[in-house]
Structures are given as C-alpha cells and as structure tokens.
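Structures for review follow.
Below, subunit A partners subunit B and then partners subunit C, in two separate complexes.
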Partner chain A sequence: MTIAIDSGPYTFSIKGLSAPVVSELSNLYLERLTPEKDGFYDFSLSIENTSPLRRFFRRQRIISVEGVKPFNPISDQHLLPSIEWAMNWAVAAYQHTKLSLHSSVVVKNGKAILFPASSGSGKSTLATYLGYSGWQMFSDEMALIDPNTLEVSPLYRPASLKNKSIDVISTLCENVNLSNITRGTHKGDIAHARLYTCQQFGHFVPSKPKFVVFPRYVPHKETTIRMISSVESFAMLLRNAFNYNIMGKQGFSALSEISSSCQAMQIEYSDAHDLDDYLSGLVE
Partner chain B sequence: MLDSESSEAFTVFEDGSGIALLKSDYSSVVLITSAIEKEFPTLHRLLSSDEPSRCKIKSELLAQGFFSVDYSY
Partner chain C sequence: MLSQKQFLNAYCYLNGFDDFDANKWNSFVRVLRENSLVASFYHRLERSNQLYCIPEYCEDMFLSAINFANAQVIQTEVQGKKLIRLFNAIDIPFVFLKGAAYILGSKRNSMGRLMTDIDICVEKENIDKAEEALLGAGWSFKNMDEHDDKYYREWSHEIPPLKHDNEGVVLDVHHTLIPPIKGRLLDIHALIHSSESDSDFSSTIPSRAWLVLHSALHLILNEDVKNGLRDLTDIFVLLYGEGSASENVAETEALFIKEGFEQEWIVLSLLLEDFFNTEIGSEHASANLSLYIRMRHFILRKAIVPNSSFIQSDGRWLWDSVNYVLGYCSKMPLHILFKQVTYKTYRNLIKLAFGEYFFRKPKPKRNGL
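Up next is the complex of A and B:
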C-alpha cells in the first residue's frame, strides 16, 4: 500500500507498506494519513525488499528515502519505529529552509520552550508529559525554526518513547494513546504516543521560543536550575543543530538570535510535575 | 587558526558573555568567551560596553594578537 502523511509543514509519501503497519500508522496520524494521490510530496519513502540472496537467509526490509538507503535492513517487526526515524532523517538531511535543531518543543500561552538535548537525555519523556499536561507539544525530536521570524513550526508527529520512558508515560499520562511496543530495536524497546486529535493540532500556531532549557533527569534529585550565558547557550545549541552550516550566515544568525533573545538554563530534575510548575510560571 | 579575513559573520552577545564568529567555510564557529577576561582585558571591556563596535573589536583583537590564538570550539 502507498500512503501519504501530512505532518504540518511537510508531507511524506510512503510506499510498500503492509496493512498492519498502515493500521498502526493510522492510529498515530488519524486523518492526516490518507491514501496517496497524484501530487507533490516533500519526501518520498519506500519500503523495499532486500536482495534475494539476503532474503534466502533472513527476510528483511530496507527503507529508501528519496532513493537513498541510510539505514541497515530491518525485520518487519521493527518497521514502525524505523519509518518514524526515516521521516526524521528525511527532514534533517534534506530540509534546509528552516534551521533544524535536535530538540523537543513545548508551547504555552504562545511562548515556546526548546529542550535541546541528545538521545537518551529524557527530552521526549519530558515533552510528552508536558504535552499531556496542558502544554502544546510541537515536537519531541526536532525544532524547525524559520530563520526570518524565529518561529518554531508545530509538527503532527507522535512522541517516540524508549525503554523505561514507556512505563513512565503510561503511569503519568493515564489516557495517552500509545502504539504497540516494538521490542529489541537497536535503541531498545520503542513505543509512540499520540497526544492530540487533528482538530486539536489545528489550533497550534508557529510560536517564538522564549526559553532554552537543557534538561537532565536525575533520579531522586530536587529540581535545580542554573542560568547560563548567551555564549554558552549558543555553544550548546550549536551541538544540537543539524543544518546551521548548510544554511550559512542565515543559520548562524538564527542561532545567534535565539541565544541572545532566549533565557537559557540547565535544569536537573526528578519530579516532572515540579518542573511543570516552574516552567508554567516562566511563560505566564 | 583564525585570521581576520576568514570570519564571515560574528555576533556579540549583549549579556557580555562573549562573541561567536562564523568562519568562511560556514561549518566552523569560533567562540570567544568572557572567561578570557584576565588574558584580554580590552576585549572584555569592549564586550561589556553598551555600544560594541565590530570594527573596533576586530582591530583591537588584532592589535592584541588575538587571532594567533586558537579558541576553536
């Protein structure tokens, strides 16, 4: 089957999907997943069989993104998270009209907070919890920033939860819509969380970041906050920027503007509710 | 190593914490932080002033031999 997914700023065409995978994706994307029609899509993905020789030993699939195969072959059981990763990869690799940062984004009262961090820092868990608790989660993975307005675009994508964070979110967010758990991927066990209906997402509007928070989950630790300077914020944002170098001066200027205009801080926390209170106070 | 011709753009952060320079290859950024206050007092004074001037900062940095020091991040 071939489907189309409208994530908000970008559309994807994905072909070669089995009915069970389409069903799982439908649960995550609702009406934003449609049968593919003739037309323009920003990114084309296809799920292909591996070579006959390889299949003789082990049936595997490989994902092609715009004709490029950036990932190792995978089993059918790992397709759902792999498609999500491939969609992220497509945007990070090919989209250069917006500055892209490896960062979660949440918004309240029209004010965005960026959580730039590497994988495993807990940024997805935190963004999912906040997104469930009254914030708008624009993304758990990637901040797409217009270099002219500095506004961050909302993305209709599920949060990707790994390992312990699946249990954490299941406990903290009782009614969250979780996908089946895919076990044993190269990142461990993966589940996806859909927080919003398409109608709710329709109320999300691009918003300027006002704060940059570098979060770190530390078990049993009271929330501690350390304000950081603009130049330090710049350095840390730079490490999480996918395409500032490709965007040249424009990307550099956007990073500089964000570093200058947003209060930045490092926060260590163990109580997400406590952190929610603090962050909500910031954006009142 | 930096030289004055190799930077394409730079930003002086208003909180006085430092400056960031984009090198001409567009992929290297050099950060100069206020941690160098003791070593480069003139630079620090300029960064702390209300009206930082790019040209003035550049010429003073050159005069102090700053561009012979590699603070690449």
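Up next is the complex of A and C:
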C-alpha cells in the first residue's frame, strides 16, 4: 500500500507498507494519513525487500528515503519506529530553509519553550507529559525554526518513547493513546504516543521561543535550576543543531537571536509535575 | 510517473513545464533529488530566466538544495586551501579534479553541483610522498577488504580513498585518470601543468579541455554510470556554458586526439547531440563508425537516463548489465577483467541470496535519528 502523511509543514509519501503497519500508523496520524493521491509530496519514502530470497526466509526490509538507504535492514516487526526515524532523517537531511534543532518544543499562552538535548536525556518524556497536561507539544524530537520570523512550526507527529519512559508516560498520562510496543530495536523498546486529534492540532500556530531549557532527569532529585548565559546557551544550542553549518549566515543569525532573546537554564528534576508548575509560571 | 522523453525534455532542454501538473513535478523533483541534481538544475533554470516555472509548492525543496550546495562550496574551499598548503610544504605539484576543480575553478557547472569526495591528482613518482604527507596530516585510509585494497594498489588509477579523521571529508588521490593496466597512458605531467593561471586555486585547476577529458573518460570508460547524466551535464556546461563554445570544443577535441582518445571524443559528441542537441555529433552521425563507438554510444544513451521508479523504463536492467560489462572491458585487460568479474559476481550472488546488505558493516549510532 502507498499512503500519504501530512505532518503540518511537510507531506510524506510512503510506499510498500503492509496493512498492519498502515493500521498502526493510522492510529497515530488519524485523518492526516490517507491513501496516496496524485500530487506533490515533500518527501518520498519506500519500504523495499533486500533480496528475493529474504522476502520468504528471515524476511528483511530496508527503508529508502529519496533513493538513499541510510539505515541497516530491519525485520517487519521493527517497521513502525523505523518509519518514524526515517521521516525524521528525511527532514534533517533535505530540509535546509528552516533551522532544525534536536529539541522538543512545548507551547503555552503562545510562548514556546525549547528542550534541546540528545537522545536519552528524557526530553521526549518531558514533552509528552507536558503535552498531555495542558501544553501544546509541537514536537518531541525536532524544532523547526523559521530564520526570518524565529517562529517554531508545530508538527503533527507522535512522541517517540523509549524503554522506561513508556511505563512513566502510561502511569502519568492515563488515557494517552499509545501504539503497540516494538521490542528489541537498536534503541531498545519503543512506543509512540499520540496526544491530539487533528482538530486540536488545527489550533496550533507557529510560536516564538521565549525560553530554552536543557532538561536532565535525575531520580529522586528536587528540581534545581541553573540560569545560563546567552553565550553558553548559543554553544549548547549549536551542539544540538542539525543544519546550522548548512544554513550559513542565516543559521548563525537565527541561533544568535534565539540565544540572546530567550532566557536559558539547565534544569535537573525528578518530579515532572513540579517542573510543569515552574514552567507554567514562566509563560504566564 | 514521467516518460523518459518528458524527463529529458524538462531536464536537458528546460522545456515542457507548461504540461507539468503537481504529479509530474513530484516525479521530476524525485528523480532530481535521487541523483543530487536539484540545485544544479535550479541554477540552469535561473540562467535561462525560467525560475517562474517552479511552482510554489516545490520552492522549499529547491532552496534547501541550494543552501546545501552553498555550504559544500565553503567546505571545499576550506579543504582546498589546506591541501594546497600541505602540498606546497612538500613541494609536490598537484591539481584538483572533477567537483572540487569545478568549484575551486569557479566553473559555471559547479553551481549547485554536489559531490561526495574531493579528487586530486599527483604524478606517480610523487604518490608515496603525497600519501605519507596526507597520513601525517590527519587523513587515514577507509576500511576495505583485501580484494579492494589490491584492486586499488595494483590495477587502479588511484590509491585507496582517504578520510579525514576529524572533518569527515573523503579524498581520492589519483596518479592518472584511467586504470593504467589497460595500457592507455595519459600525459599526467601535462595535466598537472595545464592550469591557465598562477593564482592560489587557479594554479591547481586543470585547463577546461583536461576537465572535459577526465569527465568524459569517467563516463565512457566506466562500468557505473549512476552519475552519468550529471557528468554529461558538466561537460555540456563546460563546453557551451561559458566562453566561446567553438574554441572550447576545438581545444578539447585536439586534446582528446593528442592523448589517443579520438573514439571517446566521437562517443561524447554523439551523446551531447542526443541529450543537449549540440551540433558536434552530427558530423559523426553518418560516418562509418567502428563497432566499439556504435556499441558504447548505444548503451550509454540508454544507461545514462537516471534509473528511478519515477521514470518509465524499458529493460533498464539489461542496459545497466551490458554497460557494466562494456565499461569494465573498456578499462581492463581480459585476464584482470575475469578476476574482477568473478569476484563481483560472487558478491552479487551472495547479496541476491541473503540481501543487499550482507556485506555492510554496522554503522555508528546516529545522533537521535
């Protein structure tokens, strides 16, 4: 089957999917997933077999992104998270008119907070919890910033939860819509969380970041906050930028403007509810 | 999906966009993106004052590709300066080839053209000294199996590819332009001293005729023409995109003949005629051409068209297979060809049985993706 996914700023065409995978994706994207129609798509993905023999014996699949195969082959069971990673890869590899940061984004009262951090820092867990608790989660993975307006675009993408964070979110967010758990990927166990209906997402509008928070989950630790300078913030944002080097002066100006206009802080926490209260106070 | 004619009409002649709906644009830009031709096509369209043809929904894709290509220019200039400094210090003359030469020589075909590595050429007597200097300056050889290492060391026209440990750039160091085992030797001293200027970069950029000769040999004497349309576009723009086309063509033809590649010049002329409607092929079209020229021209004309699921193809695998054999035959003597084909066939059979990725080495974890 070939489907189309409209994530908001970008559309994806995905070929070669089986009915069960389409069903799982439908649960995450609702009516933003449709059978592919004629038209233009920003990114094209294709799920292919690696050899005729491996269609039948130890079935193996490979994801092609615009004709490039950036990942190792996978089994059918690992397709769902791999498609999500491939969609991220497509945007990071080919989209260079917006500054893209490895960062979660949440918004309240029209004010965005960036959580730039590498994998395993807990940024997806935090963004998912906040997105469930009254914030608008624009993304759990990638901040796309217009270099002219400095606004961050909302993305209709599920949050990607790994290992223990699946249980954490299941406990903290009772009615959250979780996908089946994909076990044993190279990042461990993965589940995806859909927080919004398409109608709810329709109210999300691009917003300027007002704060940059570098979060770190530390078990049993009281929430501690350390303000950081704009210079340090610039350096830390730079480490999490996917295409800063490609965007040249525009990338530098955007990153410089964000680090000088946004209050930046490092926060260690163990109680997400406590952190929610603090962050809500910031954006009132 | 586009027909081959629709694709080539749009790509080569910059025509037919009036008939392009969103579906055709989708197919067209997919093929461009798969073949790293998005930004260079945009620049060709810009030079012909036809940017208005690009619909708004495609603009972001083109502008992203332009930004990427512009970043590559900066990276190439930085690496170019470092290599010039390194080779000046050990007093080894060298030239840049292909993509790096186009960028550093400010050739028009470099605009938006992407590349995966930097190519340079030194004379064979300097290859050991060059290798030693590069290894001492942070470059190291990429991992490869014993067969591939032997292929490079004994049969090829370049040493195994080097990668910079910190900067991720790949460098190919050539000592000639085609594998010397075929017995067709080029005047590499003349290539290295063919530069038309003494300035920093310019002194390391071969003359236009040498750039075309190298690109043509890469296209015609090769088993892999995945980037064939890009190479032919390079040649077309080099010859017809700047300066006097008739002088460019005359100088280039003279070099091909001097270096013993008259047949390849005819094949190239015919291909330029086919794809870009130049007139240099017409004088050969009715001539009594050799079987080699006829076969090479016929197969390349089929195999150069990008292999994509967005273009209709008829028997594509056949043209690629025939080109694979003819390309190897063109650059290797039969006894080495036999060894090479046996080895490649073994690997391809294993891949067919166990998957294309059987020999792929695990990749380091990507940051969060």
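Some notes on this structure:
We take it that the second predicted complex is superposed on the first by the 278 of 284 C-alpha atoms of A that agree within 3 Å, B and C clash if a C-alpha of one lies under 4 Å from a C-alpha of the other, contacts with A are read in each partner's own complex, and residues count from 1 in each chain.
One rule holds for everything that comes next: a residue touches a chain if its C-beta (ideal position, glycine included) is under 8 Å from a C-beta of that chain, and two chains touch if they have at least 3 such contacts.
Everything numeric here is computed off the predicted structure, so don't read it as measured data.
Applying the stated clash criterion after superposition on subunit A shows that subunit B and subunit C can sit side by side.
Of the two partner chains, subunit B is the only one touched by A:Phe252; subunit C is not. By the touch criterion defined above, A:Ser260 reaches subunit B but does not reach subunit C.
Contacts of A:Glu66 after superposition: subunit C is touched, whereas subunit B is not reached.
When both complexes are overlaid on chain A, the residue A:Thr97 reaches subunit C alone and has no touch with subunit B. Of the two partner chains placed around the shared chain by superposition, neither subunit B nor subunit C is touched by A:Tyr278. Contacts of A:Ser229 after superposition on the shared chain: subunit B is touched, whereas subunit C is not. When the shared chain is aligned, no partner comes close enough to touch A:Phe204: not subunit B, not subunit C.
Superposition on the shared chain A places subunit B and subunit C such that, viewed from the Cα centre of subunit A, they span 70 degrees in steps of 10. When subunit B and subunit C are set side by side, the one touching more residues of subunit A is C. After superposing the two complexes on their shared chain, the closest approach between C-alpha atoms of subunit B and subunit C is 5 Å. According to the touch criterion, the shared surface of subunit A, contacted by subunit B in one complex and subunit C in the other, consists of residues 245-246, 248.
For subunit A in complex with subunit C, the residues that touch the partner chain are 13, 38-42, 44, 46, 50-54, 60, 62, 66-68, 70-73, 85, 88-89, 92, 94-97, 102, 118-119, 141, 186, 245-248, 250. Listing the residues of subunit B that touch subunit A in their complex gives 8-9, 11, 13-15, 17-20, 22, 26-27, 29, 31-34, 73.
For subunit A in complex with subunit B, the touching residues are 229-232, 234-235, 238, 245-246, 248-249, 252-253, 256, 259-260.
Residue ranges of subunit C in contact with subunit A, taken from their complex: 21-23, 25-26, 29-30, 33-35, 55, 57-58, 60-61, 63-65, 67-68, 70-71, 74, 308-309, 351-357, 360, 362-363, 365-369.
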